[in-house]
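The same subunit A turns up in both complexes below, where it pairs with subunit B and then with subunit C.
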Partner chain A sequence: MLTARTRILFVSLLIAFALQLPAGARRRAVAAPVPSDELSIAFVDAGQALLDAGAIAFRPSKGRRGMATTTRTFGLRIGQPSREARGTATLRAFLETADSRCVVRIDGIVLGTAPRVIRHHAPIGIAMRHRLEIEVPPQAPEGALLTTIGWEVTTD
Partner chain B sequence: MKRMAMLFLLAFAVAFTARAEEDGALSLSPAVVMLRGDHGQSTTQTLTLTNGTSRAFEFDLVASDVITRDGKRMFVEAGSIAGSIAATAVFSPAHVRVLPGQSVTATVTVTLPVDSSQRAVVALFRGTNVVLSGKVPMKASLGSLLTFTSSDDVEMSAAPLVVRPQSASTNLAVSHACTNSGHEPFVAKGVLAIVDGAGALVGKSNLESHRLLPGESEQLGGEYVGELEPGRYRVVVTYDYEGRTLTRSAEVQVR
Partner chain C sequence: MKKFVFAAVVTMMFATVASAATSSGTLTVTGTVESSINLTIESAGGTTSGTGTAAVTSDLGNISKYGSAPTGFTLARGASDWTLSSTVGVKVEKANLTSTDYTLTAQLGSAPASGVVWKLNGSTLSDSAATTLTSTGTYASTGSYSWDVVIADSAAAAAIDNAIDFTATSN
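Now for the complex of A and B:
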């Protein structure tokens, strides 16, 4: 006969495991995703700031055409956090104004003033890593990027 | 006994606070509006933007047409194509400011132009404040997709199924190219069923829903979540879209 204490402990563990355990490596149980009825954007590994892509460390390395390249990876999540994708969205990025001193790439895609698709069918609810590259001539004066990276998210 | 009850509650608290822990985010609702009507009709929709961050944000409201070219979805500026829906968009207000932790609503009125073959438009909240990220200034924008249906000319076509048998580490999976070959948008909801050699249903899985605009093609599919015993099976995928169905099937040998 189980004591009350044992029963509570058993139920607690059962609930904790059910909520916390990741699916097994083999034949993951995939639930039919419930599409999200709202859309949101957040940079997820940026500390307390919403759009902080992290401090860009200037580590010049010889890139194409003798230019120095600064690289930074960051996480971006569309929608509220979820274990399964809750639909998909299109992620686009653009430069507000052209900065002739440098080339800006997201995931290898060169940005221009017209929005370009960075990812079709980006999963909603799951953070994705993106790579930001800024390529500048070695002789360019140090200073702030003279343009703004715009992000656009639209549900598919 | 009290300590055990506390542990019990703690298990709940840990489980739920881990999921509720949020970084600040900007949210737009609804994300999608599916409309049905006739050419020449107008509709007014209310959109709500919520600022879950610690700073104020401002947005310009603009519209872009969503078109399909070579099977892929593209966004084009309002008025740059014939029958532009975005060109008819009127926002009220056309600029919003939303304080931390608050929400703001705006309405958008759009008209489906007469004889327009366009069926989708994005109502975009385009961020106007720059947030410095190190030395990189950034802005964020969110868009709600509005789709229009004006007839019953709905048609979906699909290539033969490609089946990836289950392995020691992966589920059985299917995929194939599907195209909206009609003139209206739809959402395809798929079901994957496994039938054994005797014709008995072994199991089924729901597939992720996909929206396809007219002319748009996508690779659709998914996984069967169960584990199959060795044998020969028939994999059947059925899509339900706008009250119609499309079925494709293929044989697979599980070893």
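Now for the complex of A and C:
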């Protein structure tokens, strides 16, 4: 004989397991997650996901603390384009391949090897402008610069 | 009752984890770091404006052999001429450059008025060729160069306006 308390526990556990079933096996009681392919990251005006910062040289009127700096803005869209946001996501960025000579900022946030939040509640489907800033100290040697920025999107 | 509460909490946790989705991407950034140097005039005799930049103006006002020296100058009277003396401070900074020193030259922007001689570091300047002030300038340090304007007594009473163009070249 099951006691009333045991029945309640049993039913509760059944509900817990039911929520883990594939979406097709039942009607979900929670908000449907956005599939990963609908979270694809597109760089709106950086063709081939490549951004050329051009020549980076110290300019007395622009330099910060004697640094050579350059800035570029670019658009980033999460998912397919849409007129209205189809949900929101948290956008993170990190240096996948770092060039030790420079400091890279996105929207003023210094990037490192660990992901850092660039934007909370970024709209899905709508391109947002971001600002890339590269800062090179005067001691750094001249030459070609290459860095790769990794991006991560997680639905809110 | 305690067990029921525990089961309900587990249910909510599972539901939250199931709703998150992730994606990733990569943006490659390229560029070229270029070396550069920057020259600034840090000080000069006369009433100056623009010090600390590369375009400085020095106003000596009205000058005469038997008058008083302009601000920041001394006046020395000779037998047939008179000399206004001061200094010019020039600083050259470098960025992303391995060079350890630089060469600094100066040249007049236009031919000097008749009977007027412009000198820097003891060397007479002309508008036709650059004069080397130093070939071993130290970066980020203000070099002080003597500046003399020698005016003959025979020179006409007129403006002596001119420009001194400095050029720094990394060695």
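Things worth noting here:
Quick note on the criterion: the second predicted complex is superposed on the first by the 90 of 156 C-alpha atoms of A that agree within 3 Å, B and C clash if a C-alpha of one lies under 4 Å from a C-alpha of the other, contacts with A are read in each partner's own complex, and residues count from 1 in each chain.
Assume contacts are C-beta pairs under 8 Å (C-beta built on N, C-alpha and C of every residue); 3 or more make two chains touch, one makes a residue touch a chain.
Since we're looking at a predicted model, the values are computed, not measured.
When the two complexes are overlaid on their common chain A, residue A:148 makes contact with subunit B and with subunit C alike.
By the touch criterion stated above, A:120 is placed in contact with subunit B alone, subunit C being left untouched.
In the superposition on chain A, A:81 makes contact with subunit B only, not with subunit C. By the touch criterion stated above, A:101 is placed in contact with subunit C alone, subunit B being left untouched.
Touch criterion met: A:68 reaches subunit C, while subunit B stays clear of it.
When both complexes are overlaid on chain A, the residue A:138 reaches subunit C alone and has no touch with subunit B.
Residues 5, 8-9, 12-13, 15-16, 19-20, 29-30, 32-33, 35-43, 46, 49-56, 96, 132, 134, 143-145, 147-155 of subunit A lie in contact with subunit B in one complex and with subunit C in the other. Contact residues on subunit A toward subunit C in their complex (touch as defined above): 5, 8-9, 12-13, 15-16, 19-20, 29-43, 46, 49-60, 63, 66, 68, 70, 74, 78, 96, 101-102, 104, 132, 134, 136, 138-155. If you check the complex, the residues on subunit A that touch subunit B are 4-5, 8-9, 11-13, 15-16, 19-20, 25-30, 32-33, 35-44, 46, 48-56, 72, 77, 80-81, 85, 87, 89-90, 92, 96, 115, 120-121, 132, 134, 143-145, 147-156. Residues of subunit B that touch subunit A in their complex: 1, 4-5, 7-8, 11-12, 14-15, 18-19, 22-32, 50, 52-55, 66, 72-73, 75, 122, 124, 126-127, 130-145, 166, 168-171, 205-211, 218, 222-223, 225-227.
Taken together, the subunit C residues at the contact with subunit A in this complex read 1, 3-4, 7-8, 10-11, 14-15, 18-36, 38, 40, 53, 93-98.
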